[in-house]
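The structure's right below; bear with me while I get my questions together.
As written, the chains take the letters A, B, C and D, and residue 1 is the first residue of each chain.
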Amino acid sequence: MFLQQLLNGITLGSTYALIALGYTMVYGIVQLINFAHGEIYMFGAAVGLFLVTVAGFSLVPALLGAMTFCMLLGVLVEKIAYRPLRGKSSRLSALISAIGVSIFLSTFMLLIAGPNTRRYPEVVNPTTYHIGSLQLSSMQIIILLVAALLMIGLNLMIQKTRLGMAMRATSEDLEAAYLMGIDVDRIISLTFAIGSALAGAGGVMVGIYYNAVFPYMGTMVGLKAFSAAVLGGIGSVPGAMLGGITLGILEIMGVAYISSSFKDAIAFGILIIVLLIRPQGLLGKKISKKV
Amino acid sequence: MQTKKSAKWAIIMIMVMLVSLVAGCSNKPTSTNTPDVIKLGFLGAKTGSVANYGLPAEKGMKMAIEELNAKGGILGKNLVGIYEDNKGESADIANIATKYITVDKVVAMVGDPCTGLTKVAAEIAQKNQVVIFSGGATGTGVVEIGDYVFRNTLLDSMAVPSVVDWMINTKGWKKIAIITSLNNGYSTALTPVFKDAIQKKGGTIALEDSINDKDTDFTAQVTKLKNAQADVLVFTGYYQEAALIMNEAKKQNLNISMIGGDGLYGQDLAKLGGTAVEEKVIFYCGFSTDKPTPETAKFIDAYKAKFGENPDMFSAQYYDAVMILAKAMTDAKSADPKLFRAELAKLKDYPGVSGSTTFGANREPIKSPVCLLTVKNGAFSLVDKISVK
Amino acid sequence: MPILKLSDISMEFGGLRALDSVDLSIEEHQIYGIIGPNGAGKTTIFNIITGIYKPVKGNLFFKDINLKNYPPYKIARMGIGRTFQNIRLFQKLSVIDNLRVSAHGISKVNIIANMLGFPNSRREEKQIMLKSGQLLEMLGLYEKGMELADSLSYGEQRRLEIARALALEPALLLLDEPAAGMNASEKIELIDTIKSIRDNMNLTILLVEHDMSLVMNICESIAVLDYGRKIADGDPASIRNDEKVISSYLGMGA
Amino acid sequence: MDAFITQQIDAYYLRIIIIIGINIILALGLNLTTGVTGQLSMGHAGFMSLGAYTAAILSLHTTLPFVVVLIAGAMAAALFGIIIGIPSLRLEGDYLAIVTIGFAEIVRVFFLNFELGGKAVGLAGIPQQTTFSIVFLIMMVVIFLNITLLNSHTGKALYSIRENEIAAQACGVNTTQLKILCFAMGAFLGGLGGGLYASYMYYISPGEFGFMKSIEILNMVVLGGMGSIPGTILGVIILTIAPEFLRVVADYRLLFYGAMLVILMIFRPNGLMGDIRWYDIKKRLPKKEVKKCQS
């Protein structure tokens, strides 16, 4: 049972990690908890569902469609709600604005789609593979693969491409990057675009895996994913992955061996302890205060 | 400059706020005492996490009021429903109940689907001597609040022993696993009722576990369940999580039936659960669209024609609640809560669309029979009807 | 006896040595200057004195108290006030309230008395207002007393930093590049101000600066830092003639 | 007095006024921690629930006077305020926000498993001892103490932590002590408001004190203007009354609410009254002295 639970934990963790990637990218560059990120993930799941059920798309086109939609939504949110605040107001104002967007988006979905939970039709052949006593479903494999691929791809992009370099520069020092001739606004837009597209992909896959799409699905998952990003070390892409999977495993093991009554408390409790012992997270860089 | 300007602006804002507050306080609304209508207040959430109970409930209530008005209303007066959204939050329902009573001057409130919220509104209703009639509060401690508090719903304490008896003696399911939804008051209240009944009827509890509403990942619980090798799973929460648990069970090749209360009664159970819930999930309730009585069939047809969807238990119970209130007012020949309240308490064998209702000595509803439903080909179908002992 | 004595102070940042065995000895009532090119470790010395950094090696004494063991706020309360190179005012507080923060530092009245408005608190509050008003007058900020700190001009902000440090009633005042960004006439005014502060308030002033003329003009004693090492100290005349200083610093045409 | 008020004011409006009073107490607490001292706390509902449950359980099971019950609730919250204040010494900004969110979640999960608190069902039938005059009295005391505190030099020291912590330390401000103190005071007021709320609502359940509740209180502080007492009060009034008016367009209320926050942050990031300095109107500079020094 232990191995099966471990596998359950890794799968759950991968879904956190997918969403955490977006948080960590945005936070790394503009130091903003993009509260609307959970809602963008929800929109990804909903748009994917719409494309599959109403427009009759198959999985891959629906996934791409949802990612494109989320990308546009993310950029739009950034343009409307965050850009006007950048530089001239406190971080708290930006955070409040993000919360506003989050409330707006989830209510908007509630109004157009109703409060009910919906499910995806079976777009992936539900095969189960057996490895000894272990069971692995095809969707689990897809989630694990996609999460790993996206992480590696993202890491390569950030480390190797010009765009990635510009992103790193912007996250290091926004003003200096601007002075170096980097179009900071464009970089931030792109960051939101990439992060949101990832969230969209996550939304579709999690929607298919758990068979549940509803307007408030992004809220708690968003919080957990952000916690995962912090746990891993915010701003760090491998950190988000590690944080997500760690959190997933901890939660599942908590349910399996301690008590499911305290599932959320276990996750947050461990997060608090980690932050107190190692505030920069598992893989984060220690930032010494400049005086 | 800047400071002065904003100071002026702020002072204007404050003035506006104060004036509107004062105006609001002193200006008692003029529309209150139009004597030719009877007002009923709707209690339920139209947004928020429990909106799925409030929305069909609102439709049921609207339909009942329309039907009554089409027949000429009650005592020659038209019924008017007022539908505020309480978001499923107690602060909101308290505000709304107070507003219904003092501003709108309703004679009765219908709702809320949830026990906890009903209690909040019931305290206020009792204090102001206005009838409150819940079409969904199944928990304990509701009618105890006072003699203006009524409910029309199948009580868990009555249904569960019969259901457990059916499980153990008819089906032979003795090793029982039980899962509670921790952040769901309905579920945490129902679990002890089940446990008590299981003990009394000689069953054993193989596993006790819990989930949270709005969770979507139940892999760990299902893996545990699989290891426990129970005959049957009792899940006391709502249909959404029920469907997701069964989905997960199917993924993990766990072939087990699930028993639950009327919290599982939602159209979406079949939509969400798909083949995973087909003939696997069995729940009890007082309302069935399958093999209905003639009254119920009429209601179902009318509801479908009007809203284009099947009614659920809440639509039926709210519909019945309005109808029962109307009957009580007609019998009492008065829309004064103090008078028709007494008629209401005398209700006996009322043939509602959600089964027959009698108010017992302590005003608790006695509803019969208990329908056991499951999902068959995507629709609810009757498994068995058992009478309450 | 020196009022401030640094002995063998070393500081490192991630393996990079910012200060290397620096000794300083500042006599009471002196105006003492530390000069050196950018990155020589001047501000680091201030941050060590005020307790923001703890040195990796060495000791520092303020009137016989080893400052190493004290947190920044206690060091400030002992009577060490400072200004910052990159101005760190409380931007959204009024000018006089900036001074009242320092007054809080040395206040004897506790928070309960403050909250309930006890007579001793009110008496003290009155005293603080009076003293703050005087300080503002002295630094020519009286008329701006009620404005927000961020509405002041650059020069005014610099003076407010000094006023705020003085509100601590310090025995030692640390000025971090007080003349940065000032024009010639402002500098002359600043020199007068610094001198009159020292004379009127009877305190010791330690300043770091890379503007030579200012330092030579007002300092009675000077230390020269280069790459974290002290290469010379003494009175202005001897510094001016020191060969090491000339080669590493003055020679570069300052 | 209460009898008189009940006669004069319609029960519905009276209820809203009392809720405003309770919310002012809650929001002024958060204003101390987040608005004044700048320690972003997103778990105020956690403190509120601690106060609410302590007060509710005490008044259900004991015969202690209401004031004692309220203070016990507030003290329980304050105790946890101190515990949560300690991480604030090490963590900044968003990290602290996450810790406070986590704390509130843990408290919520605790009450979900708390037998004496009725688990998810919550506690019903709490004696209604909160009346208009009690709320009004406590609110006035809280406002008064807030004003005297924030106008004193200690108050200015609290603001200085938000403005620039390093400079504050250089000015002799014991930031460690004051930060924890502010967390404790904020939590105390949160617990006090929670106790009043529990006793006013008859019924409390863990679900009410979720993340959205914390956000609601935070919004009140931010809307009015961080660190400003009149601002916070205005924010509370607007955000308590607005949903009542907006019920007319019930379905779109939350949509509007979200949009309002964004628009407000873009056009008035300091809140409605954050940049107004009431202080100017009250206090004057001391008279100019005859010049003593000849600079």
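Criterion: a contact is a pair of C-beta atoms (placed from the backbone, for glycine too) under 8 Å apart; a residue touches a chain by one contact, two chains touch by 3 or more.
If you're wondering where the values come from, they're calculated on a predicted model, not measured in any experiment.
With C-D and A-B as the two chain pairs, more C-beta contacts join C-D. The greatest centre-to-centre distance from subunit B, using averaged C-alpha positions, is reached by C.
For the pair subunit A and subunit C, the distance between mean C-alpha positions equals 47 Å. Per-chain CA centroids place subunit C at a distance of 39 Å from subunit D. Separating the CA-averaged centres of subunit B and subunit C is a span of 70 Å.
If you average the CA atoms of subunit A and of subunit B, the two centres end up 36 Å from each other.
For subunit B, the set of residues that touch two or more other chains comprises 47, 182. Looking at subunit A, one finds that residues 107, 110, 261, 263-264, 291 touch two or more other chains. Multi-chain contact residues, meaning those touching two or more other chains, occur in subunit C at positions 52. Every residue of subunit C that touches subunit D in the complex is listed here, in rising order: 50-52, 71-74, 76-77, 81-82, 84, 88-94, 96-97, 100-107, 111, 114-117, 121, 125, 128-130, 132-134, 136-138, 142, 145-146, 148, 164-165, 167-168, 192-193, 196-197, 200.
Against subunit A, in their complex, subunit B makes its touches with residues 47-49, 51-52, 55, 182, 209-212, 214-217, 219-221, 223-224, 227, 240, 243-244, 247, 251-253, 268, 271-272, 274.
Listing the residues of subunit A that touch subunit D in their complex gives 27, 31, 33, 80-81, 84-85, 88-97, 99-105, 107-108, 110-111, 219, 223, 226-227, 230, 234, 261-265, 268-269, 271-272, 275-276, 279, 289, 291.
Residues 34, 40, 87, 90-91, 93-95, 97-99, 101-103, 105-106, 108-110, 112-113, 166, 211, 215, 218-219, 222, 226, 251-252, 254-255, 257-262, 264-266, 269-270 of subunit D are the ones that touch subunit A when the two sit in their complex. Across the complex, subunit D meets subunit B through its residues 9-13, 15-17, 19, 109, 112-113, 119-122, 124-125, 128, 197, 201-208, 230, 234, 237-238, 241, 243-244, 247, 250-251, 253-254, 272-273, 275-277, 280.
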